[in-house]
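Next up: some structures, all given as structure tokens.
First chain A sits with chain B, and in the next complex the same chain sits with chain C.
What follows is the complex of A and B.
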């Protein structure tokens, strides 16, 4: 409708508004994606002028190398447990904070605050917590302080990282659930109550369907975020002890930057990108089905 | 709020739940207390004293050291500069692109929209290697402009997505009236549309600046010289030194968190509003 009164010149002006963004976006994200695919088919070391085309060799290695497999294993464990725990805790907290609890605003800020801190710092702070502060607390209570040194043992390092990551992010997802809970109309609960539904049934059949889009947002967000874990490890476990907490991005970084295997690193990057895209699309499809259209 | 929470339990179960939440809050607060506590301790207190004891007197030496020895003032200024420039450019580019996409329905704009949206699903962190290579080939590595362009490129698609949603709230009638008054397209954008987008821009600012401020992986690759480093990269360097100067590090942590905490306090309303949209990015 509007188009009719616009001269053709203004189309070009509109284009000029989109173009700068389009160029920067293409150069900074799309070109790297294509280049990454290109490098992944070579044996480039990152410095040398020549790179040899090696076909799918890097990809074959990406799927057979035991070190890569252990990095994936850690990343997947971290992601699965994180997605379940972080979602549950965030929703539980949001439900309590949505009710009548004194000091609501302060509680909200306390839970939310840690996500404003860089994950690099969170890793460092929790290293100090496990190595110095918590042992002192345990000792003071007459318990064995060594129980707290979660980053020192292959068996407990995942636990330690999960605690640190949840401390940082539960409050963030809680805010999203809180916003969703507050938008559920009270009449729905009233109607359910009149129909004789108890509190568990109301939660299951009113709350959950009504906040389904928040569940989608949080689940996809936590899953993709956890698959990309890196910053947290740099200042805490550095992938150790041994290789026990080497995530896939951590592995790519050390293989490509430290080990000078750009081609191989790029192949892993491409695989990770595909995995992230696939996980997001599958989760969105599955979860969107349950969403109620208002 | 007037809404009655008839769904909520009253009585014993609720009291237990509330109590648990308070205990939980105390546990969550403990590391924060610890950071603040450590930042005021002397070296002696760190090595000899009990980790959970409180320092004997409030000493600001660690903060002084952070500025004098670590030169954290420079890193701080760098990070402020990168964050402000990137966010400013993002605000202009994203609103301009989003507005054009919403107002002009020709094929090019529809294509541009989907092109940008695909970017939300492409994880920049997974592509850190080739992004770095592109930066290197364009001679942008270890330059201020390079860091800023990197932040803009990796955050653009989300910004366009966010702003396109908000543009629908801008009334077309105002723009038409301005056009009749002889405003050019650019004048309409800068004088009419941008001011009307204030709430959306506030949301974009807070969501992007806290991510850019805390970003580590890409910034650590893009900057190597000391006087260009961001505060997060600088603090990371401090942790990895063998002779870790913990007391100074904790003061540096407080210094680095403060601006974002303050920004959050001012823009909290917009932050919460943008979260639901923002989380889609993941």
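What follows is the complex of A and C.
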């Protein structure tokens, strides 16, 4: 009896299909990551030929430098608040736009449209909104136009950025929730209705469990995206006033890389990568427990 | 007799295998083609027809667009040379880009500021221009800042003047004279406030403007008396937190902030700020020639002057900053073509005039006098005649911008808003001692 040779050939074909992507992934991500870890153990300034080994000094500084702490604090505040607001708003919008309301297709388009715009442009747009358009409107209404200058005050800069970021992305996550809502079998709602559940109870006991996988995707996506906030800051607040809106990635680029502290910048990047991975893994584990498998 | 189902299934399977092979080959080919084209795009097309030189230009707001003027001039004289431009913001992206290219291969020509020559020339990255014929076209004063170990590594093209730009119309209207001392300055601040005018126009949204203001003050209050203050700082014999000169610098920044539109300055961009000065909503602005382009774009007839911000001893000087500086890569294989391009840049007086008029700056080439209307020129000429002009790189060459001056500027921003006290801000600068200059 002939040996079955088809499975081995099949494996070869699969490998050959995966190989290009694997090469790009290795060359573009894994190799730089390993090199970055190497640089993080040196005092390299990015220019000179010399790279003096300094051990974990850069990592010690990464955990003790007050400016790094300040950047992390801003990033964490932005991430936590943004995740809660964006998730909630996206879900609420999806629920509303899944119902029988007139013009829902147009409304879906309107809400989705901003996510097609580059974050760089969004930064410019909202800078003009806060600094020129809204103050003019407020002044015309007899109110103090300075109240709108959210980017100009360290006490309100976070709120200003949250509004801009949510305006851009809530439509994107809303679509994911919308798709999840539309995949919930109608019979479940019918059964719940028959059992006497009101709308809130149906939402809590039927809708939420059934869209748990979408919640996982959106929560992880919004969290990791918020932790990496950068391009919005470049064109709006530039990390200011002072350092009031300097995120960790902004700090890495401007102070560490721009400041010719390549070793220190690499250490910060490695720490950030570990944090991003840890956050994603923890979130996935916690949220996957609640997912319902049909 | 063959069973139809099995035969067709086998054909489907073998057809599927063939398709997978085709797809795999296509993907691999695409990957290899991509890699090959990426490699070849980094090379210059050294054909007989055209030489392509890569140019990295770190630009300020006023320089954007000069690449088109240079392209035209080079194409006219050397049609076999084409410049492939990459234009970035000098303050934000030039140094990170240089760090990338230092690893992968520097562009043939780099355009930065004179202070960059000290940074990169000291790392043996730049080509020596000492004996190049085109350097004879540059004013001797412009060569000092681009000379490292007695070798010239840069071609400084133009210069900006820095100081306090003032609305001459407002000064005349309220019969106010240019201040020479700090007391004079405080008096005119009070006078403008009494008239309901904002004394200073500022745009602190741009942290670089805070850093620039601070360095202007530092040159007159610190570096003029101790030119190697930065070296002494790195040696540990000078500190920001104990130096009365630097304490005064930070206090001047606070004085500016307390006498500007505090609710708006951290939201205001440069163009809007310059417009307000032209419109008479503010009387003065600590700035540089880069504002002139905006002034004249808004109002061609705007009458403005310039004076040096007074220092503690009442003898402050107007500052000039060698600006657009051309550098070449030491390792480029197209040294001949680079020299031809730099020769055009240095010898084409029409091009020089065009660029200086476009950027509203002074030329560092011999026998080139810009013809754009500059109401502040008579003030500049007066200070020059009195010997009261100082190169701002006296300070910039001692304390680097990236990672040091710009971070200090953020501390100043927090100090002027009252978030931290002056000692905390000064000590933060001391904590950055080791990165105050790239050695």
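The working rule: the second predicted complex is superposed on the first by the 277 of 294 C-alpha atoms of A that agree within 3 Å, B and C clash if a C-alpha of one lies under 4 Å from a C-alpha of the other, contacts with A are read in each partner's own complex, and residues count from 1 in each chain.
Heads up, the rule we're going with is that a contact is a pair of C-beta atoms (placed from the backbone, for glycine too) under 8 Å apart; a residue touches a chain by one contact, two chains touch by 3 or more.
Small disclaimer: the values here were computed from a predicted structure and weren't measured.
For the composite obtained by superposing both complexes on chain A, the positions of chain B and chain C are in clash. Once chain A of one complex is fitted onto chain A of the other, the partner contacts of A:156 are absent, as it touches neither chain B nor chain C. In the superposition on chain A, A:48 makes contact with chain C only, not with chain B. When the shared chain is aligned, chain B and chain C each come close enough to touch A:17. Considering which of chain B and chain C touches more of chain A, the answer is B.
In the superposed model, A:242 lies in contact with chain C only, and not with chain B.
Legend: residue contacts after superposition of the two complexes on their common chain; A:130 is shown touching chain C, with no touch to chain B. Using the contact criterion defined above for the overlaid structures, shared-chain residue A:33 touches chain B, although it does not reach chain C.
By the touch criterion defined above, A:261 lies against chain C but remains apart from chain B after alignment on the C-alpha atoms of chain A. By the touch criterion defined above, A:146 reaches chain C but does not reach chain B. After superposing the two complexes on chain A, the stretch of chain B that clashes with chain C is 171-179, out of 45-53, 99-107, 153-161 or 171-179. When the two complexes are laid over each other on chain A, chain A has residues 10, 13, 17, 20, 24, 132, 234, 253, 256-257, 262 in contact with both chain B and chain C. If you check the complex, the residues on chain A that touch chain C are 9-10, 13, 16-17, 19-20, 23-24, 45-49, 67, 127, 130-132, 146, 149, 151-154, 234, 237-243, 246, 253-262. By the touch rule above, chain B contacts chain A in their complex via residues 1, 3-9, 14, 17-18, 21-22, 24-25, 28-29, 31-32, 34-35, 38, 50-52, 93-94, 96-97, 99-101, 103-106, 108-109, 112, 115-116, 119, 121-131, 133-134, 138, 149-150, 152-154, 156-157, 160, 172, 176, 184-186, 189, 210, 213-217, 221, 232, 235-236, 239-240, 246, 249, 253, 256-257, 260-261, 264, 272, 275-276, 279-282. Note for the complex: chain A touches chain B at residues 2-3, 10-11, 13-15, 17-18, 20-22, 24-25, 27-33, 35-36, 39, 93, 96-101, 107, 110-111, 113-114, 116-121, 124-126, 128-129, 132-133, 135-137, 140, 167, 171-173, 175-176, 179-180, 182, 186, 189-190, 193, 199, 202-203, 206-207, 214, 217-218, 220-221, 223-225, 228, 230-231, 234-235, 249, 252-253, 256-257, 262, 265-266, 269, 272-273, 276-277, 280-281. Taken in their complex, chain C has these residues touching chain A: 17, 20-21, 23-24, 27-28, 30-31, 92, 95-96, 98-99, 102, 119-120, 123, 125, 204-207, 263-269, 272, 400, 402-404, 406-407, 410-411, 413-414, 417, 419, 435, 438.
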